[in-house]
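The following pair of complexes shares a single chain, chain A, combined with chain B in the former and chain C in the latter.
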Partner chain A sequence: MSRQSPSVRAIVPWPFRIAAWVILFGFTVFTICPLVWVLYTSFKSQSEIMRSLIAPPLVWTLDNYRNAWELGEFSGLFFNSFLYSTVTTVIVILLSVSAGFAFAKIPSRKTRLWYSFFLVGLLITISSSIVPIFVAETWLGLDNTRLGILIPYVAFNISFAVYLAVAYIRGIHDEIIEAAKLDGANYLGIYRQIILPMARPIITTIAIFTFHACWIEYVLVYMISSDSSIRTVQVGVSLLNGRLAFNYGFLFAAIVIATLPLFILFVFFRRHLQAGFSMGSMKG
Partner chain B sequence: MLLTGPALFVYALVIVLPVLYSLVLSFTEWSGVGWPRFVGFENYSRMLSDPVFWHSLRNNALIVLVSLIGQIPLGFFLAYILYRRLVRLPAFFEAVIFFPTLLSPVVVGLLFAVVFAPVGLIADLIGKIQGLPLFELLIFNSKSMAIVPYLIVILWMYTGIYMIIFLANLQKIQSETIEAAVLDGASEWGILIKIVMPGQIPVFLTTSIYAIAGSLKGFELLWVMTEGGPSYYSSVLGLYMIESTFSYYKYGFGSAVAIMLILLSVVVIVVLTQVAERLARET
Partner chain C sequence: MASLKLRNVAKSYGTVQVMSGINLSIGDGKLVVFVGPSGCGKSTLLRMIAGLEEITSGTISIGGEVVNDVIPSQRGVAMVFQSYALYPHMTVYNNMAFALRQAGSAQDEIDRRVRAAAESLQIKDLLNRHPRQLSGGQRQRVAIGRAIVREPEVFLFDEPLSNLDAALRAQTRVEIAELHARLNTTMIYVTHDQVEALTLADNIVVLNNGRVEQVGTPMELYHCPANKFVAGFIGSPQMNFFSDEAELNRLASVLRIELEETSTLGVRPEHLFLCDAGKSFVSGALRIVEQFGEYDLAYLTSKGGVDFIAKVPPESIRGERGQILGFTAVSEHVHVFNEVGLRAR
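Take a look at the complex of A and B:
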């Protein structure tokens, strides 16, 4: 606790502090309980789960994880999820930072028009336009292909990435760019030597955010992949549910496996994710 | 053009073209094979006279309501408590409440399907408390109540987003303003109402718009959790669109629902943004 806190906190009346404590503590318990329950149930044997759904395991077992990994064919699913998320992230960064530079620093009526054209894309998601995408992909023969997943992933993540990039690059001082121009640099030179290095923090945010969005995406892959070899972790987990409806231990182990990469992102990049989410609301 | 061109090309190809394509399809009847047959506004009038459409719209409205009276105010109070450091370990609470926001809708849907199942976690809990080992939770059998479990889930999952948004905005307040108020003998309640709240009004407006947009866009979680069922009791517009298209291969009708969904979100958001901007300018 910082040093000025006692004097500030001294005037906080006790009903206020108790109310604050109750709201915060209550909501935190509400948040944690289901997560803890999933975690310990995933280490519980089926017979114990049948006896009581809520009791913690008497004997902790890894069987659920072993079975889930093998029956769920998670190695292939993980490969696909990582492939789609990584490739999309790289392409989105390349496209959005260059477009963001143009929108932020090359003022003209045309760039302003194109930028607002992009912003409309913030209002449309893969799920809300899945019918048009599905129809278009079957028409083009892209359904059931990796390309048919990657192209929409790139397109639907570009709007937000461009928005983040523009907001950040606008903050870079014009004087730096003017100075480079006087030194004879053209736009591409400015882009490579000034914008890219200075935009590194926002590139990280875009990367983490895009990777996360791809990792949790479900509707598109579910709709267009009749071939199980191109499916992702999310679709794999959702299909396990149908096959072993009442084996909760097994299902929960799969849930934990599917969530581990997100937990790692959370631990290492929470600040970037929070920045992305709070900027996401301001785009309105 | 060299810099914006590639991004623009992908965007137009994948987002704009399909939307225009389904706009055309929405005026036709088409089962996916052969040529679409032009039917004018028939799909739209059929949709507007379908009780499932209206029940789904009602559920969408309830989701918005939960955001407006639940997630947003709660998110604000949580953020305020953390911002004013009214408890110890604010960073811990912030991280825990934010975490569910990151989870995938599929995983959360599966998890809460088990929680609210007839013989799921809640039923088990109630049964243990009341001493009825065979207790079954039948909330999904009620047409009007079937959406309630989902409302609880989104409160659980997404309140953290609003907390983060408010926290980011609260941190923009100059700390001198509050210190001066404290020195002038302002009470904590006075600081909240007179100093902090007025500055957050635009944030309340933008988060409300965000909530409305979100309610129209997402349905994966509900799809995995209830499939809109039983029957159509827990359906929302997004699920109605999926069902109409893929269960009966009525691409024309499904496209009409899709266009309706896109129109609703774009028009509602654009109108609300204008209203919010005018309000913000007047205050």
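Take a look at the complex of A and C:
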């Protein structure tokens, strides 16, 4: 960054730089303010909220969290969210890095075709295909089951993960793969001993993206599950909204509970996320 | 240590033939250099020997055994890549031990061979480091060490010095020559740098457009190039060529040799000597003089419009730009090529 700054300063005139800072600052405030509001309101009692919706709490309380956790039955919802997010993430990593290795380093007409097939998946969203999914799952007897949620989760997350994996693995020198071949490693050995360790930054990125996508997913679980025992935190929060429409304290505490794991994930893995995006800049 | 034979080796990508009719015989313990311009197929040929590229037709034999269908790791070859191709997540020790572990060697044996190779290359202090913690020269040594521990029958070097700076390149070149003398193993070395080729090789294979132009010792190639391409490629600065009819007639009479109208005459810059313009073999208008300390290079243009270079003693030319200078040469150093570029004399 320090090397870039002077050149940016030289190229961009100061009025534009000031304008950029003002816009970015405004955007940041616009994004952060509602989050801060939700956070401190979740520590206010219902009476304080009714007195003023905007003011910070005079007395900080954890009652909203205690009640939201119990009323919303969050322990079960958390278990489900963790289960879907973790299992999907593991499966997506294994499949996408394997596919990425094949698409990036074992090129043929067939692999190119398969890669295109995966890329088309980027254009399909859960919302746009919820009806066929529902019909297919009902037909297969997968509706209202955890497997019926996991399979679409893997399917809808694999395309982007493969795209990231291919882009990253392409950046690995072919000569490293060839050196491993000459050293006696077969494709499985190369995958296990060379590609997987070298792809650690992109694996972390894929893990964060997939976990995040699964954690915040709402439409599929809402549509597929009528059984509350297989629902996730996101659906739980939305149902809480219906039941406690005017109890903002409960509701905001539930939102904080639902968001906290993602916040922790980003705080701890921010660097890995950046490393994953600066892919292709590796030297041997 | 093993001999290597290539018989009618060809390579095509679809309908495009990139190499054809490659016949080579490389003796035990020889250091052979493949040299040629970019895109001539020298690296492809090396990769075909390594088994990293399939051949379309022909046979490749290592140690008398045809290896066309043998996987790279079973061919008894080890390769040093241009980019070093070290495994970045492994320490130097693990990089060097990787092949032995794949082969299922015992840990004692792995340790002995890795440490012996590290000792011989003076990198034993680097064994616990990762490649990113090494300089270019150190990485190069590790890459060579990784090849040595496998104790291959044939070493393959793919432009191993091209990423090093000039000083380190010269030093590493000498080390590779010493390594070859010590191991006495068959080595094939690919380069586009003719200095590396001339200084390292027992034999040089000159490649062009996917074909072998000439095979010979460095001095054979220098003194008796088989064709105009080899004559132009070997030697720095490159050989001067004269094919203008008027000039050829004059040159033929001065040198007292028979020349056809379609001939091309070649003289190396170091074989041209300054003389009076009246007695000269060739004369030209001076364009520029480059001074190298031990010699000067004079860039001239002949009357026929041909640009040529003369390598002359330092500060022997004091003329100005445009001055006409005459040069002569002894007939033994004059090469004649026929209309298709083959050596005629």
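Rule of thumb we're sticking to: the second predicted complex is superposed on the first by the 248 of 284 C-alpha atoms of A that agree within 3 Å, B and C clash if a C-alpha of one lies under 4 Å from a C-alpha of the other, contacts with A are read in each partner's own complex, and residues count from 1 in each chain.
Keep in mind that, in the parts below, contacts are C-beta pairs under 8 Å (C-beta built on N, C-alpha and C of every residue); 3 or more make two chains touch, one makes a residue touch a chain.
Worth saying up front: this structure is predicted, and the values here are computed from it rather than measured.
Q: If you tally the residues of chain A touched by each partner, is the higher count for chain B or for chain C?
A: The partner that reaches more residues of chain A in the superposed model: B.
Q: Touch test for A:E178: chain B only (first), chain C only (second), both, or neither?
A: second
Q: Could you tell me if A:I194 is touching chain B, chain C, both of them or neither one (first, second, both, neither)?
A: In the superposition, A:I194 touches chain C alone.
Q: Considering only touches as defined above, state whether A:W21 meets chain B (first), chain C (second), both or neither.
A: The answer is first: A:W21 touches chain B but not chain C.
Q: Identify the overlap between the chain B-contacting and the chain C-contacting residues of chain A.
A: 282, 284
Q: Okay, in this complex, where on chain C does chain A touch?
A: Residues of chain C touching chain A: 47, 50-52, 71-73, 77-79, 81-89, 98-99, 102-103, 131-132, 146, 150.
Q: Can you check the complex and tell me which residues of chain A touch chain C?
A: By the definition above, chain A touches chain C via 173, 175-176, 178-185, 189, 193-194, 197-198, 200, 282-284.
Q: Per the contact definition, I'd like the list of chain A residues that touch chain B in the complex.
A: 1-2, 4-5, 7-9, 11-13, 16-17, 20-21, 23-25, 27-28, 30-32, 34-35, 37-38, 52-54, 95-96, 98-99, 101-103, 106, 111, 114, 117-118, 120-121, 123-125, 127-136, 138, 151-152, 154-156, 158-159, 162, 187-188, 191, 212, 215-216, 218-219, 223, 234-235, 237-238, 241, 248, 251-252, 255, 258-259, 262, 265-266, 270, 273-275, 277-278, 280-282, 284
Q: In their complex, what parts of chain B are in touch with chain A?
A: Chain B residues touching chain A: 2-4, 6-8, 10-11, 13-15, 17-19, 21-22, 25, 32, 74, 77-78, 81-82, 84-88, 93, 95-107, 110-115, 119-121, 124-125, 128, 156, 159-161, 164-165, 167-169, 178-179, 182, 185, 187-189, 206-207, 209-210, 213, 216-220, 223-224, 238, 241-242, 245-246, 251, 254-255, 257-258, 261-262, 265-266, 269, 272-273, 276.
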